[in-house]
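There are structures below to look over.
Here come two complexes built around chain A, the first alongside chain B, the second alongside chain C.
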Partner chain A sequence: MYSVELDNIVKRFGNVAAVDNVSLKIRENEFFSLLGPSGCGKTTTLRIIAGLEEPDSGVVRLHGQDVTDVPTHKRNIGMVFQHLALFPHMNVFENVAFGLKMRKVPKNEIKDRVKAILEVVDLSGMEARRINQLSGGQQQRVALARALVTEPSVLLLDEPLGALDLKIRQHMMVELKNIQRRVGTTFIYVTHDQTEAMTMSDRIAIMKDGRLQQVGTPTEVYFKPMSAFVASFIGEAINLIRGRIQDGILTTQDLGQPILVNHGENSSEAYLAVRPEIISIDNELEGLDNILDGIVRDVIFKGSYIEYRVEVGPRVFVVHQHSRALMQRNFTVGERVKIGWRRNEGAIIPSSGV
Partner chain B sequence: MKKTNLFLMIFTVFVFIFLYAPMVIMVIFSFNEAKSLGVFTAFSLKWYEKIFTNTEVWVALYNSVWVGAVVTAVSIVLGMMMALAVTRFSFVGKPILDALILIPIIIPEITEALSLLVMYVFLNIPLGPLTVIIGHAAFDVAFVTVVLRARMAGYDRTVEEAARTLGANELQTFFRITLPVMYPAILAAGLLAFTLSFDDLIKTLFTTGPGFKTLPLIVWSSAARGGVSPDLNALSTFAISISLLFAVFRIRAEKKMRGV
Partner chain C sequence: MSLLGSLVRKVRRSRRVKLTLLLAPPLAFLAIWFYAPFIITGLYSLDMITRAREIVFTPSLKYYERILGWRSGLTIMLRSLYFGALTTAICLLISYPLAYYISFKVKKHKDVLIVLFIIPFWVSFLLRTYAFMTLLDERSFINNILLSLGLIQQPLQLLYTDVAVITVMVYDYMLFMVLPLYANLEKLDKSLLEASSTLGAGPVSTFFRVTLPLSMPGILAGSLLVFIPAVGEFVVPALVGGPNNFMIGNLIYQIFLGARHWWIGSALSILFIAMILVLAIIYLKKVGSVGPSF
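Up next is the complex of A and B:
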């Protein structure tokens, strides 16, 4: 059984289709991320799952049950809001206890459960603090504890780390994933930050203009993008080569030579997507399916890796090489080099994703 | 730089003298032994004794307080609903309604008073406490709405949504979240409504019935009867003190409201 299922959800605001025919199946105990640029409909999708927004059409199921017409407070979900929405007139204990009170849990049990969850989020002893006496990271964890203490069947998180600075954010990413493992609940995590999504998620759904682009594990969406949008949205850089495929060979006007690809179908228009770290660079290369001659145009030292920009005909390839290679050899601007990769290491974006 | 500061300070002092001199003189002479307003002869509390032993004053105070309380309650409930309506829902004619709320605040009080009287006569409603209350409330609602509306405009409604996701239904959300978060604003608006009602003379004068008098009304009628007199000074000082007290409460509530 799935934790959350969306069937053909559509939601319009005036002329804008905020969510355009989205279908998703999210598994039990999965850390699932909705990733996409600003305004692509992530929040709206999350709010539809929470029942805070009513879809124009489509079905929402929680644990197999149709909840499309069930009001929010009866859905047994938890939600962490982007701006946290902690109750300003209550202290930490009262904030966290609120959901249990609404469920008429006995007083003693409330105390125990609040104490236990505050331990999980590492806030023990903070019960009596007022909200404005907490740091951003602490407020974050109160919001998390408040949403988790009722043991919701699914936890919805809307860019919960957006307001934090980088250091705390990185720390919280690890924390969130640990907490998710400990409590064993489905997390649906909305973000426009691919690092967050890649770091924590079991699977990622990438959205654009209200539509789902691709759903897959972080490595799948990274190495096997199914559309040009996903290819360039995910990761730092990618080499996209447009051309036609005939019998496992991609021909393109840019490059004077045919490129070998692993793709059975013929296609008049497709992209080959090659990540920069897949490509080897050297003065001489052997044993690779595709080898091109080029000239180094740029060398950028980025710490753990070096970025080379290599001109091949009218094209520029981005190549990343591990910094360790610097110990042996580095290439200078203007130097003639060969770059190459194996045919099975590039991904073909089918014509539907062009 | 220095010169302008000095100039501003002198200017400010003058404004304060201009504002408060009449009141200060009145308060001082309410403690004057002699009946005359010309010279201060000796300190005395005899005028206060005179008014506090006068049952008419106590009845008027009682009337002012309970009318004020009822007016406050009515204005808060209606003002809250009004503010909720204009900040949360969109409906036909909302901008017009939004602007209409301000009209009682900007038109002259005498016009309000007269229009009330005309309506009561037209509808054949006997004048008395009820007509006074309706008169006060009808206009205080506007002030309450404006205060609450301002607070609600800056209020992040996601706390309500958070409560919903935690299992609270609409009613529980309203009473446990919306109301407590709005509480300082409601307090400020309530104190404002009370002060407005407590201080009101003109509307009360036009809409009250035989024998029903509030504190401002007996101040006015005794002034009209015998001109300024030391016991009138004492009575006014007393009335001012009460209003001042409420003003202090209100300012504190408003500070708290901004603090949240």
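Up next is the complex of A and C:
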């Protein structure tokens, strides 16, 4: 059984379809991310799952049960809001206990469960603190504890790390994933930050203009993008070569030579997507299916890797090399080099994704 | 030149000097027109100013004692407090849903609705009260309609009653309740209500556990803004009230200008101010502690 199912959800605001025919199946205990640029409909999708927004058409199911017309407070979900929405007139204990009180849990049990969940989020002993006495990271964890203490079947998170600074955000990413493993609940996480999605998710759904672009594991969406949008949205850079594919060979006007690709469908128009770190660079290359001659145009040191921009005919390829290679050899601007990759290391974006 | 220059620089740098210069005009204004009369009233109430308008330094509480032993005076004082409290309560009960509705349910043109509500208050307080008198009159259209519908046989006595005084005061002071409430509810983070619903609270629980406690600052501000002027109201009971709806303002007016007994009048004024002060402090402590502490 799926934890959350969306069938053909449509939601319009005026003439704009914020969510345009989205169908999703999210598994039990999965860390699932909705990723996309702002305005892509990811938050609206989340709010529809929560019942805070009513879809114009389509069905929402939680654990197989149609909840499309069930109000939020009867859905047994937990939610962490973008700006946390902690109750300023209550202390940490009262905030966390709120959901249990609403469920008429006996007082003693409330005490025990609040204590237990505060231990999980590493806030033991903070019960009496007021919300404005807590740091950003602590408030974050109170919001998480408040949403988790009722043991919801699904936890919805709407860009909860957006307000934190980088260090705490990185820390919280690891923390969130750990907490999810410990409590064993389905997490649905909305973000525009691919690092967050990549770091924590079991699967990612990428959205654009209210439509689903691709659903897959982080490595799938990274190495095997199904559309030009996903290819360029995910990751720092990607080399996209547009051309015509016939019997495992891509021909393009830009490059003087055919490019070998995986055998598959023939297509009059497709993209080959190659990640920069897949490409090898050296003065001499052997044993690769595709080897191109080029000239180094830019060398950018980025810490753990070096970015080369290599001109091949009218095109520029982005190539990333591990910094360790610097110990052996580095290439300088204007130097003639060869770049290359294996045919099965590139991903073909079908014509439907162009 | 350099002396003047250094003086100017000193003034510019010193925050205290700047603050003093800034506060001097309003303080002077208040000192002349409020604090001095207030002190003089205090002196009168303690019998420290004689009939010959000389100050003597032998304070006495005899006028306070006389007031405390004066039953009808105390009755009027209590009635004023009761009228003030009732006016405040009715204002709150009417204004809260209004402010809530405009703030939460109206999507567009909120400001237009608020202005529509404010417009009647552009008319002078006195004129509005006079206008109300014609509505409450025995030959008013309200009575005429009720008579012609056969709902009543005799015209209703509306004017010169408690009901009239309260109704007109509510009408006159409602604005001071609506505006702080609306400002407060507008500031309220609506995602708190959504958070409440995701935690399993229905609309009623959410209202009593989240919305209401968080709107306490607005309720407090509005209540004080209505209660304090209402309790000392003088015009409304004078115009639409009868002899049985006398309020403290009318009494003080009569003692000062009718009986010309400045000593009793002063003692009554000071006593009444003290009572309001104590009540306001109790109210702020009691009700204020329910609300959020920011």
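Here is the rule we go by: the second predicted complex is superposed on the first by the 353 of 354 C-alpha atoms of A that agree within 3 Å, B and C clash if a C-alpha of one lies under 4 Å from a C-alpha of the other, contacts with A are read in each partner's own complex, and residues count from 1 in each chain.
Operating definition for what follows: a residue touches a chain if its C-beta (ideal position, glycine included) is under 8 Å from a C-beta of that chain, and two chains touch if they have at least 3 such contacts.
What you see is a predicted model, and the numbers here were worked out from it, not measured in a lab.
K.L.:
Have a look at chain B and chain C on chain A after the superposition and call it: clash or fit.
P.N.:
Overlaying the two structures gives a clash between chain B and chain C.
K.L.:
Regarding the shared-chain residue A:Arg181, is it in contact with chain B (first), chain C (second), both, or neither?
P.N.:
neither
K.L.:
So, does A:Arg130 touch the first partner chain B, the second partner chain C, both, or neither?
P.N.:
Touch partner of A:Arg130: chain C, not chain B.
K.L.:
Quick check for you: in the superposed arrangement, does A:Lys302 touch first (chain B), second (chain C), both or neither?
P.N.:
Neither chain B nor chain C is touched by A:Lys302.
K.L.:
Using the superposition on chain A as set up above, list the residues of chain A that contact both chain B and chain C.
P.N.:
50-52, 71-74, 76-79, 81, 83, 85-89, 98-99, 102-103, 146-147, 150, 156
K.L.:
Considering the complex alone, what residue numbers of chain A touch chain B?
P.N.:
50-52, 71-79, 81, 83, 85-89, 98-99, 102-103, 146-147, 150, 156
K.L.:
Which of the residues in chain C come into contact with chain A in the complex?
P.N.:
Residues in contact with chain A: 189, 191-192, 194-202, 205, 209-210, 213-214, 291-294.
K.L.:
Quick check on the complex: what are the chain B residues that touch chain A?
P.N.:
Those residues of chain B that touch chain A are 156, 158-159, 161-169, 172, 176-177, 180-181, 183, 260.
K.L.:
Tell me, which parts of chain A touch chain C in their complex?
P.N.:
Residue list for chain A touching chain C: 50-52, 71-74, 76-79, 81-83, 85-89, 98-99, 102-103, 130, 132, 146-147, 150, 156.
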